[in-house]
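These notes concern the structure reproduced below.
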Amino acid sequence: MQIEVMFAGFGGQGIMMAGKVFARAAMERKLEVVWVPSYGPEMRGGTANCVVVVSDRAIGSPIIRNPQHLIAMNRPSLEKFGEMVKPGGVILVNSSLVDVSSGRKDVDELQVPATDVAHDLGDVKVASIVLLAAFCERSGTIPLPLLRQVVTKEFKGQPELIAMNLNAIEKGADAAKANA
Amino acid sequence: MSTNKAHICMKDGDGPKGAVGSSGEKHHPASQPKKKRHIHRIDSERCKGCGLCVSACPNQVLGQSDHVNPKGYYPAVQVQPDKCIFCALCCLICPDVAITIDEVASDTDTRKT
Amino acid sequence: MKGNEAIAEAAVRAGCLNYFAYPITPQSEIAEYLSWRLPEVGGVFLQAESEVAVGYMIFGAAAAGARVFTSSSSPGISLMSEAISYIAAAECPAVFVNMCRVGPGLGGILPSQADYFQSVKGGGHGDYRLLVLAPASVQEAVEMTMMAFPLAEKYRNPVMIMGDGLIGQMMEPVAFPEGLAQEPSNKDDWATNGMATRNSERRNLVKTLYLDAQEANQHNLKLKAKYDRMKQEDVLFEPYRLGGDYELLIVSYGTMSRVCRTTIDNLKEEGVEVGMIRPRTVFPFPEKAVFDAASKDSCKHVVSIEMSMGQLVEDVERSVRGIRPVTWYGKCGGEVPTPEEVSAFLKEMLSERSVLRTDLNGGLYGQDVS
Amino acid sequence: MGKTFHRPKTMTKNHTHYCPGCTHGVAHRLVAEVIDELGIRDRTVGIAPVGCAVLIYNYIDCDFQEAAHGRAPAMATGIKRVRPDLVVFTYQGDGDLASIGTNEIIHAANRGEKFTTIFVNNAVYGMTGGQMAPTTLPNQRTTTTPSGRNTTSTGMPIRLSEMLATLNTPGYITRQALIRPKYILKARKAIKQAFTYQLENRCFSLVEVISTCPTNWGMTPVAAVDWAEENLLAYYPLGDIKTPA
Amino acid sequence: MKGNEAIAEAAVRAGCLNYFAYPITPQSEIAEYLSWRLPEVGGVFLQAESEVAVGYMIFGAAAAGARVFTSSSSPGISLMSEAISYIAAAECPAVFVNMCRVGPGLGGILPSQADYFQSVKGGGHGDYRLLVLAPASVQEAVEMTMMAFPLAEKYRNPVMIMGDGLIGQMMEPVAFPEGLAQEPSNKDDWATNGMATRNSERRNLVKTLYLDAQEANQHNLKLKAKYDRMKQEDVLFEPYRLGGDYELLIVSYGTMSRVCRTTIDNLKEEGVEVGMIRPRTVFPFPEKAVFDAASKDSCKHVVSIEMSMGQLVEDVERSVRGIRPVTWYGKCGGEVPTPEEVSAFLKEMLSERSVLRTDLNGGLYGQDVS
Amino acid sequence: MGKTFHRPKTMTKNHTHYCPGCTHGVAHRLVAEVIDELGIRDRTVGIAPVGCAVLIYNYIDCDFQEAAHGRAPAMATGIKRVRPDLVVFTYQGDGDLASIGTNEIIHAANRGEKFTTIFVNNAVYGMTGGQMAPTTLPNQRTTTTPSGRNTTSTGMPIRLSEMLATLNTPGYITRQALIRPKYILKARKAIKQAFTYQLENRCFSLVEVISTCPTNWGMTPVAAVDWAEENLLAYYPLGDIKTPA
Amino acid sequence: MQIEVMFAGFGGQGIMMAGKVFARAAMERKLEVVWVPSYGPEMRGGTANCVVVVSDRAIGSPIIRNPQHLIAMNRPSLEKFGEMVKPGGVILVNSSLVDVSSGRKDVDELQVPATDVAHDLGDVKVASIVLLAAFCERSGTIPLPLLRQVVTKEFKGQPELIAMNLNAIEKGADAAKANA
Amino acid sequence: MSTNKAHICMKDGDGPKGAVGSSGEKHHPASQPKKKRHIHRIDSERCKGCGLCVSACPNQVLGQSDHVNPKGYYPAVQVQPDKCIFCALCCLICPDVAITIDEVASDTDTRKT
C-alpha cells in the first residue's frame, strides 16, 4: 500500500512544512516515508511543492508524476497539478486564493478558505496546516490526534505557535467535516 | 490585465525641488503655466505589498489593501488620495516600479489610459 | 531527517568534528546544521571565503592529521579540483560530499548525475582517483558517510560521496549504525602534527613536488597501486533481480536506480524480466559484476540509465566488452525520469532491438605513412 | 511639487522574482535610469552575478552576460579589453564580490579596468538562504551563525570599498544606500557619475549600495530599512571614498 | 622555433589577437612571446592575477564575440575547470592550450599526458566535452593551433590543444600554412557585442542558468548533439604501418607516439610487425579506427602506450570492445619512455601473451534483494 | 665588537638552490633563528609556497606542508583551526600572495587567523623566469613587460600590506627589508614579534620583507641590493603598518 | 643518417644556447632538427642539459637515452652522461671545471679548458661556444663558416657580443685542432 | 669536504653593540674578562660568490677568490683578515650561511676545527 500526497503553493506559504508534518506523522506510524521537495529557483517568491510518499515496504522511485492526492494552496498549483492526480484521489483547494476548481469528476475535491481561516487565527502562514488537517480528515490517512502530537513536537521551540497550529487543525478538520 | 488604482490631481505642477526620479525627462520649473494634472497609479498586480511606499509617503496618502492580489500579496492603495503632492518619494522607494505618476493636460480623459 | 542533515549528523557520529565549507544550493543545510552542531561537540565549523580556499583548508587540516570533510555542489567541486589533485598527490585522507546539481555552468539547482566523469575520472590534473560512493537513499547516505572516513584513512586518499541533489533534499527515516564509526588511524608517521605531538625528532613533510622524473614516476606508481587495490578490495554494488532470467540488464545508481527499481517491479508485473546492477562505488567500478550479469544467456541487452548525457555508459561499455549491445538512456535537466518514462523507453527498445548497437565514432583517416 | 515617474525604457515589464521590499529592485531601476539618461543602452553590456540578482537580465534590457559566482570583474575585464568601446557594468552581491570574488575585484580595480561595478551590500547571502557574508555585522544572526556572528572566530565585517580605495591606481569608489528616498537620489547620482567616468575612459568605478534582505534578516521590509539605517549605516558610512585625481 | 613560441605565433597568424594568461612552466614562453608580439599587431595581451580570472576573462571576451585564447599547464587548467564548464555551457568559442606537466598536485614541470581524463572527459562539472587536439610535433602544434579557432567557432565550444610539455620545449623547423587561417565567423546572433555593433534592437544574452528542468534538459540535449556531431565530423588520427599484417596494435598520441614510431621501425628491422593508430583528436576519439585496426586477423593484441597511469587505455578498451586483449604501458614522472624501453616491454609482452587479458574489477557482492 | 655567528639549529646543512645573492636565504635564516630563539621547533608547521622558495623545507627543519600556488593561508587556517596549539607560518612570494593568493590572505587576515606570514616581496615572479608581479614597479622590465611595466594598462604596484592593514580585525602588519645588515636586524625583530603575537594567540601577523631577485632583475647581487634600496624602498616604505590594539 | 648531441652543464653556463646554435646551424642545412631541453627545476642553479637530434628524414623519438656525442661543461655532467655516449662518439670536456675523464676507450674524448679560455676572452659565459666550436671542428658535423654565420645572426641584437663569440669559435676550433 | 677559510683574532671580545645574529646564544657584554679569540670562517663550498658580504664589510676585509669552486662560483675570501672586527655584518647579509664566527678560548687549537 502506497500513499502519495503532493503539497503545492507559493514559496513562503508553509507548504514544505505541511508536507514535513505529514511525513513525520507517517514515520511515527513506522511506515517507510520519503519527503521530496521540488525545490524551485534559489530565490524567493516562486512556486514550491513537495511530495510525500508513504508505504509499508521500501519505496522505489521518490519521483511521482501522478500523485494520489493534491493540496493546492494557490491557483497555478491547482492548474498545473490538478489534472495529474490519480482518479479517486483527494484534492484540497485553498479557496481563499483560488476561485476555480479542477473541473474533475473522478476525484474528491474539497474547497477550504484556508488563508481566510488562518488570517482569523492570527497568521496567514498556518493556512497550510488548515488544509493539511482538512486533508487528513477527509482522506483518513492520518488520525487527528497523531497530527496534533506531531505539530506540538514540531513547534516545541516556539510554544506561542503551538496553540495557533492546534487551532488550525481544528478549523481544518471542521471544514472537512462540514463539507462532507 | 492589471488593475491600476489611480488618483488624479487638478493642481498645477509647481516644479520639483530637485531632479527626481523621472526617467530621462527633465522637469523645468519655469515651464509655461499650463493647466496640468498628475495621475498617481499603483499597479496592484506588480505590487508586492512591501509597505515601503506607505512608510515613505510624507503625507500618509498610502495604505495597504485588505484584498490579496493574484500573487498572494496585499497591495498598496491610496487611502487619502487628496493629500498626494506627487512628490514621487513612493515611486523612488518602490522596488517593483509599481507606482507611476503621469502628467497630462487637465482635459485629458484619464479613464482611457 | 532530510538527507543533508542526515549526512551532517552521520559525519559527527563518525567522529569527524572538522568541517570547512562554502554555501551552495542544494546542500547548504549541511553547513547550517553543522554551524550549531559542531560547536556543541567541541568541533570546528568554518565558513570559508570560497571553495578554492575550502579545498586547501581541508588539505591543511588533513595534512595536520585531523579528520575533516566538506560538502559542496557541482560548480563548487570544480573550484576544488586543483586542491583535490593536491590532496590525492599528498596522500591525505579527506572526505568530499558532492550534492550534484544540473550543469554545466551555473546550470540549475535540481538533481543531476552529470558530475560522474568529474568524480570518477578525476576532475583535476594528473593521475589520481577518488574512491566515489554513490548512495541511493538517505539511510545509505548516512552509512556511506560513516564508511567514508575509515576508507579515506585506509587509502590515505580523498573519498567522495556523490549524491544527486535529491538525496540531500529527501527526507526519509534514518538510523545511525554504531558499528560503522571507527577510530581515526594513527597518522604519526606522515602527518605534520608537530614533532612534539608524536614525540619524534624527525620532522614530517607533506608535499607533492617531485622534480626528479624517476621519483615522480615511482610516486605515481605508488598511487596507481592504491587505486588498483581499491579495485580489488572496495568495489561495492547491489544486484537486483539477477536471480532468474532477464532479457535486459540495467546499470544505474543513486536516485535514478530507485526509479529503475520501481520500473523493474512494474515491468515484471507486465511479464517483462529486467535485472539491474547498482554500483554503490562508481570508482572503483563493478566491472566484473556488470560483465558477469551481461554474460547471462538470457540477457540480450544492457542499458545505462543515468541523469547525465552518456557518462556512466562509457564505464558500462568498457565493462561489457562488446558481448552485448549497450544503450544509453538519460535526462539531465533536473527532472528525474519517472518509472513510466523509463518503462516506455525500455519497451520501445525491446521492440526494435536490432538497431541498438551503439555506434563507434568514425573518423577522418589520415595518410598511412608506413 | 508635482513630478512624473515611469518605468525607465531600459527596464522590461517583467515582474521581478525578488521578495517583497527587497531593494535589489531599486538598484535595478537606478541603473536602468542612468543607462537611459546617458543614452548608452545599445552599447552597454551588463554582467549578472550569481546571487539573488542572477536574473537581472530579465529586468534590464541590454546585452548581458551571466558570470560565475564572484567572477564578474574578470568577465568585464575580458570584454573591456577586447571592446573598449562598449560600456560594461557588473552587478554583484556582497557574497559575490566581497567573499569568493575579492581577488577579481581587487585586481580589476588595481589594473584600472574601465568598467563600473554596482556592489549590492545586504550583509548576507540572500540567494542561498541567508548564510553569513563577510559583510555581516557582529552578532547578526544568519543561518550559519545561528547565535550571531562571533567576531572572535570570524573576524570583523569587511569594508571592501575602503579596502579598494587604498589602491594607488586611480578610481572612483563610493558608498550609497537604497533604504530611503533621500539616499536613493544620491545613489542615482553616484551611479551616473560612475558610468560617466567610464564613458570618459577615466578609471574603474564602483558604487556600493547598502541594501536590504528582509527575508533573510527575518524582518518586514519596513523594519528592514529601519534596521539597515541604524546598524548598517553606522558600520558602513555613506559618501565618496575615493575619486580619481 | 621552440614549440611554445610556434604556438604563440600560430595563434597570431590564425587571427587570434587576444590572449589572457597567468605564467606557469613549461609554457610561460607563450605569454612572453605574445607580450611583445600582440602589441605589435594591435592585439590584446593581459597577464591576469590567476588562472581562475583567466578563465573568466576568456569567457567575457569570447562572449563579446572576440577570438581569444589562453595557455597554461596542468594545475592552471584545474583552476580553470569551472570556467571551462561555463564556457561550454554558454556555447562560446575559445581555445585553451594545456602544456601538460607531471601531476598530480604540484608534481613537476616535466612532460606528461596525465591530464588525458581531465581534457577528454571534462574536468569541470556537468555534461560537456572539449574538442581536444593532441599534436605530436611542433609543426603539428602550429597547424592544430590554426585549426583550433575555426573548430571552436564551428561548434561554439571550447577547443583544447593538449601538448605534453615536450611539444612546448622542443625546437623544430616550422612553417605557417596560410591556408589554415580562417576569418572569424559572424557572431551577431548570439554575442554580447552591443546592440549598436550589430545594428539590432534585440539584445543578446549569454547565460548558463536553466532553472526549468525541461529547458535544462533541452539545453543539454543540444550540447550532446554537438558532441555527437564532433564524433561524426571531426575525428582525426594517423595510422602507421597498418597496411600489412601486424601482430600488435599500438594506440599512442603526442610525443609518446613518436617514440612508438621509432620503436615500430626498430622492431620491424628485427622482424616484429607492429602497427599504430595515433589519435590526433583525443576527443572525439577514433573509436572506429581503433576497432577496425584491432579487428585485423593478424592482430593479436592492443597496447595503449601513454605518459599516464592508465587513462588512454580506458578509451582503447572501450573501442576494442573485447575483441582483443588490451594492455597498458606507461610512465608518468617526466621521463618519456625511450624506444628501447618500449621495445623491451613489447617483446616481453609478446612472449607471454596468454596472461595479458586486463582484469576486470572484482567487487563485494551485496545482497540480491530480488 | 666581537660576535659569534652560526647556522641556526633549525636550519639544515643543505646548500640552497637559490641563485647567488638571492635574499630568500636570508629570510630563511631569520625564520630559523626566531624558531630557535623561541624554542618552538617541535610544534611548528611551516607552509612552503609555490615560488622559488618551494623547497624551503630542505633548509628549515620542522614539519612542513607544501601549498598550491597562493593557497598557503587557507592551509594555515586549516591547521590552526584543528590544532590551535601548533605554531604555523606561511612563507610566500609576491606572486603567490599578492596575485593568485590575494583572496586567501585577505580573508585569513580578516578572520584573524592566528598564524604568521612571511611575505617575500621581490617585485617579480622569480621561479617561472621573471614575469611581472603585481608588485613590479612602474617601468620595470620583466619577461612579460619587455618594455617596462606600463601602468596605464596594468595599473600601479599593489601595496598589499597597506591594504591588509585597513581591515578592522586586529593584526600585526609590518614591512622590513633584507638588503642590508641594518634592515636585516630589524626584520629579525619583526619576525620574532610576529611569532610572539601568534604564541600569545593574539592576532594574525604578517612580515613583508623586501627582497632581491638578481637573476630576473638582470643585475649582480650587489647592484640588486642597491637598486632595491633606491627604488623598492621608495615605493614600499619600511616600518610597522598596523599593530594589534 | 641521424646525429645526436647532448649538451650538459650547470644552469647559466650557456649550455642551452650552445645547443640552439647547433640546431639552428643544422636547420640552415635544411635537415630535420629537434632541440629538446631536459628542463630542470623551475629554479636556478641546478644542472641543465639539452639534446639536439639532426636527421635527413622525419625524426621519431626526440628522447635519446644514448646520444652519439656529448659536450660536458662540468663534472657531474661528465659523470652522469659520459657512459651513455654511443661507442665511436665524441666527448668534449670543459677541463677548466672537470679534472677527470670519462675513462672510456671507445670514444674520442677531447679536453678543452673552455672556461679559462672564455675568461680570457672576457666572459665565462662564452665557454659553451668554445666547446661547441671545438666539437664541430672535431666531429665535422657543422662547418665553421656556417657556425660563424649562425652566431652572428643569433646575437644580432647585441653586436658587442658578436665579436666575443666569433673569437670563442676560433679559440675552440684551434683547441680541437691542437689536440688532434 | 668543505674548505673553510678561517682567520683568527687574538683580541678580546668586547661585546656587541646590539644582539646580533648568533643563533640562540646571547652574548653578555659583562662576561668575565677571559682571553677569547674569534674565528671567522668562510665555507667556500657553500659560498656562491655573490659578493654581498664583500660590499657589506665595513673594513674591506673581504674580496673574491680567483679560484672557481666546484659549483662554478668564485667564493669570497678574507683578503685583509687582520682588519676584521668580527662585527658579523657579513654573516648577517650572507644568504647562504657560508660565514660563521666562532669564539673560543685563546688556547684552543683552531686547526682542528
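Going by the order they are written in, the chains are A, B, C, D, E, F, G and H; count residues from 1 in each one.
In this text, contacts are C-beta pairs under 8 Å (C-beta built on N, C-alpha and C of every residue); 3 or more make two chains touch, one makes a residue touch a chain.
Remember, it's a predicted structure, so these values are computed and weren't measured experimentally.
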item	value
Chain located farthest away, centre of chain E as origin (C-alpha)	B
Interface ranked first by C-beta contact pairs	C-E
Between chain C and chain E, centroid-to-centroid distance (C-alpha), Å	25
Rounded Å distance between chain C and chain D, as computed from the means of their C-alpha atoms	38
Chain B and chain E: spacing of chain centres that average the CA atoms, whole Å	61
Centre-of-Cα separation between chain E and chain D, whole angstrom	40
Two or more partner chains touched - positions in chain A	41-42, 45
Two or more partner chains touched - positions in chain F	18-20, 54-55, 66, 68, 99-100, 102-103, 106-107, 127-128, 134, 153-154
Chain B: positions in contact with at least two other chains	48, 71
Chain A-facing residues of chain C, complex	2, 25-26, 109-110, 166, 169-173, 255, 258-259, 261-263, 265, 336-340
Chain D residues within the chain C interface of the complex	50, 54, 66, 68-70, 99-100, 102, 125, 127-129, 131-132, 134, 143-147, 153-154
Partner chain D, residues of chain B touching it in the complex	9, 11-18, 20-25, 27, 36, 38, 45-46, 48-52, 54-56, 71, 73, 85-89, 91-97, 99-103
Chain F residues within the chain H interface of the complex	1-9, 11, 15-16, 18-26, 29, 32-33, 36-37, 180-181, 184-185, 188, 214, 220-222, 225
Chain A residues within the chain B interface of the complex	10, 13, 45, 74-75, 96-97, 115
